[in-house]
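Got some structures for you, see below.
Two complexes are shown next, each including chain A; its partner changes from chain B in the first to chain C in the second.
So, the complex of A and B:
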């Protein structure tokens, strides 16, 4: 895995990004902060995963980076260039450098187009390829993603979920992008197909030197693919860490809770001050004061409700558990260090 | 798994339109739409082969035969003759072609104007959407026939002008239908995907929005072909459409109205031709609507 950090500028820079949606009616037109001040960098060649429950703002962040959603405040840069407010032809040129694979493979393909047209679309749009040159490039792309000539004339509803996702990947790769956003790329697929697609994505990454921004709530997928992980909660980044140490030893009570609920607490049963979030995720319309996680935080319970949790919002700061790890918790150092009972697998 | 849900939701969205076989089977399975299909077929055959199947093609086209004026149905003239002795059956058969052509022209023009405007409005949203929709409201505020009459009053009477006038008063319906579909298509992931690839807006509307909006447009167009035959007939009836001696159904009803008490067939049969044409397209249109949009229950 290419985890080497070059001194060069990162491929993607996100600074103090805020994205607000206007709601209508019921909430009296108050804006909802889907992303509430996020700063992160993605190095060329790495796989950066954003994890979090639905409503955490991870998809909005990615869509904003792709410039499908407007930035409310903050800055975005791609390959050292400001892209926050570019438009028109400039934006179209940027589009070919960053592509996206969606969660719902069948839904992201026009039901009336044949596979050949779907894969040809980006090539027609940006490279003005026509005729035999176009045809052979389409076929080459399909081969790359493990499909064959006989799929050319199929329409999306004649494809299995896995095949449709392969077509979507071929479309995304057609323009040889540098960044590919993978928005829950396997969560709509059968379990048996998920692994195939993940392997395909890993192969394509090393073959084409791609950078991935992976969005997922499936920690198994993240573990399989990611070099670095950012954990989002209610529009904020609450932890950021290289993947391995994060899974071994989470630096934020929310991360710990996510890992616990993913594993299902089945294994050891030991320490049952259940590190699971209490209740449901609060509405982003009305985020809690102080630390956004405090009403659901098991660590706060254990520490008998320190006042600072509800009054001050913690910053994302380095924690002393190894390199390049940051967490936004007032009591990150009180999270019990990795014990032998956890995550033997 | 979540996956299962997503696919279950996505599946019924899949447009059945590619499935021509299924559409044909559904049309043939419903007795009412079979009646409609038969009526439309008769109309199309009459329009295509009129001069060859009419018993008196010359009279149908206008040649008079005063000696046999106003004969009742029967004998040589199955549906009787008009006041100039022309065979009614031939006149009605020859009237099918202009009726169908005008109707196709009007609906075609209306779709050509309305669908792209509606697609742009629905896809873009915002101010442009508001502007286009208020424009359609302006047109829809007038009853279509009244608007067409006003336009003809400005342009002068005649079949082509009547067609143009009808198209101008008809396009807003297609703009509204297409707008609704386009606004919902805009939220579909495949449109988002096209945007993120960098497909220009114009191309998205042309290649993704319009082709996927075709089914409801087709349903409306089918019903409207019948309705426009009636509207064109109405304009001819009040002297704003086809002019004599053209074999036009509306014109024939109009000519016959002075004889309505004694020579009922003069107005009656052309009226019946209009009625059956409208009925045919309505029956087929209703079934198509059921096929494409199962939520609407037929009354």
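So, the complex of A and C:
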């Protein structure tokens, strides 16, 4: 991958990424393909959301990008530079530029450290700040995330869930990263506190020009925060689209099913069974042939089981319902009319 | 005490406290009032620590160690559950009143098969021989969408997926044909597409069999899909009850309104969410006046002195807010 890039180059590039885990024991070392060939780009300053259910590979993809999990094949680039195989000092420098906020703030903060130490730690290690300079930067960060002097001496168990998540965010921002991976940042919080944190994330993004990779199963959160959305299913990207058109007019039967399952959004939910997927999510150890969604696909059912769904894996290709929209479905063009008629009936 | 004969479940002024002699006293439920008609599904919603799970456990008399009912009554099918001898209570649990838990994997015993565990629940309560129980097991598994009876019955919990286990737990809850099912966050641990299937299943089974449901959740959209009526709990009290559609369209209590407004939606995109500032009081029993007043954008002096009673707004809609009492004069003085 070239090291010279124009200013408009994406901040993150993922090319044909495959990530396999080796299982032990019963499966005799058979590899699980958690990410099975994903290509995507994230522009600087953008909020890109990855959505999907258990086993979709969204978390593995993000962890691979953070270089916490090894790449099996494919390429990763950050700010125009190849990062797939870097190590040592180079990797250490990269890590300062990408940070992560996890779902469970209490679990991601060392219970023995006070808030002041938690926020100071990255500054001490990476920027070698000491004394008054360190103290004033810690205070500045805490103010940024809406905490005050009185919180400095508290330990994680003395904080509410929302306050602890604010501390985790302050830690993530301490080194002025360009990319922040938000892994289910509000899933452990009550809805009124979730709203506070989502507002904060939006403020910080505009104040610091951050790029977010948001991982979430909560479509309300995604719709609120994301500019673009990638929908994953069993290791594959099945749809990618700017956020608004995706929610208004999904381009893949799985996306439509996911939206319909986001209970309550469809009002009284009277007709939601039409697009509800059939049965359970198959194991990533043994993904279905052809299109991975085909055994659960309501559209395939409506089309009376075309053979191609079970035999050929569809590629993620542009679809003709708006710019920059891609979907991996052999019958993406059949989706709209059929869902119209379903809604009318 | 009211003994409305047509109610399935009536909870009056229920107070549950933690601690006492050796630990600081903490109020978990601060005078909960609830009515559930036969066959009705009532959503009990609120955030962490509001007392919704405690309410469900009180009905089954399964409060955790350290918690006890200090006053109040719980009447189920006309009988006072709090005065019932433990032997009778044990017969009631698992037959007339059953429970569906959030995490099916930990609700089943991992070392027994699903079939054995459901059979045991039947044999303790139903007067059926082995063959009769076998038939009932097949029937109930079919109803919850697990038609492959032999395989499911012979499976251990870890051999089933989360969605299948939740179906098996619903089968166990329904096998003795209860009149009340307490469902505590039954879909929270499940993926979205599976959760939608489970809610649709519960709604269908309830239509078919007419049992009452006390649906405990923090998920407002799920309530909208399943429940006829909603009770909103805040700091151990029911602060608003209304038919589901009415609550979503015309909530009166500032807390309910805040809860509805803080959920991200299509309309909220690109704008700020209406977060409720502050947090829940640590001990609701210690609050004089309205427990939401410290966080309420509309609170006035009176709110900090008087505990607002539940006021009817329409015949089916009540709100415990002084603004509901005299909307015009109260707002003028605010």
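In this section, the second predicted complex is superposed on the first by the 319 of 345 C-alpha atoms of A that agree within 3 Å, B and C clash if a C-alpha of one lies under 4 Å from a C-alpha of the other, contacts with A are read in each partner's own complex, and residues count from 1 in each chain.
Keep in mind that, in the parts below, contacts are C-beta pairs under 8 Å (C-beta built on N, C-alpha and C of every residue); 3 or more make two chains touch, one makes a residue touch a chain.
Worth saying up front: this structure is predicted, and the values here are computed from it rather than measured.
Undergrad: In the superposed model on chain A, is it clash or fit for chain B and chain C?
TA: They fit: once the shared chain is superposed, the two partners occupy separate space.
Undergrad: Kindly classify A:258 by the partners it touches after superposition: chain B alone (first), chain C alone (second), both, or neither?
TA: second
Undergrad: Would you check which partner chain A:109 touches, where first means chain B only, second means chain C only, and both and neither mean what they say?
TA: After superposition on chain A, A:109 lies in contact with chain B alone.
Undergrad: Applying the document's definition of touch, where does A:155 land relative to chain B and chain C: first, second, both, or neither?
TA: Touch status of A:155: first partner only.
Undergrad: Once both structures sit on chain A, report the angle chain B, chain A, chain C from C-alpha centres, rounded to the nearest 10 degrees.
TA: Computed from the C-alpha centres, it is 80 degrees.
Undergrad: Look at A:190 in the shared chain and tell me whether it touches chain B only, chain C only, both, or neither; answer first, second, both or neither.
TA: So A:190 meets both chain B and chain C here.
Undergrad: Which partner does A:302 contact after superposing on A: first (chain B), second (chain C), both, neither?
TA: Neither: A:302 stays clear of chain B and chain C.
Undergrad: Is A:126 touching the first partner chain B, the second partner chain C, both, or neither of them?
TA: first
Undergrad: Thinking of the overlay built on chain A, is A:221 touched by chain B (first), by chain C (second), by both, or by neither?
TA: Only chain C; A:221 stays clear of chain B.
Undergrad: Name the contact category of A:72: first (chain B only), second (chain C only), both, or neither.
TA: neither
Undergrad: Using only C-alpha atoms, work out how near chain B sits to chain C after the chain A superposition, in angstrom.
TA: 5
Undergrad: Touching chain B in one complex and chain C in the other: list those residues of chain A.
TA: 161, 190-191
Undergrad: Considering the complex alone, what residue numbers of chain A touch chain B?
TA: Going by the criterion above, the answer is residues 66, 68, 91-93, 95-96, 99-100, 102-104, 106-112, 121-122, 125-126, 155, 157, 161, 168, 171, 175, 187-191.
Undergrad: Hey, which residues of chain B end up touching chain A in the complex?
TA: Residues 1-3, 6-7, 10, 13-15, 17-18, 188-190, 192-200, 203, 207-208, 211-212.
Undergrad: Quick check on the complex: what are the chain C residues that touch chain A?
TA: The touching residues are 47-48, 161, 163-164, 187, 191-197, 199-200, 218-225, 245, 258-259, 262-266, 268-269, 272-277, 279.
Undergrad: Write out the stretch or stretches of chain A touching chain C in their complex.
TA: Touching chain C: residues 53-54, 160-162, 190-196, 198-199, 202, 217, 219-221, 223-225, 243-244, 247, 257-258, 260-265, 268-269, 272-273, 276-277, 280-281, 296 of chain A.
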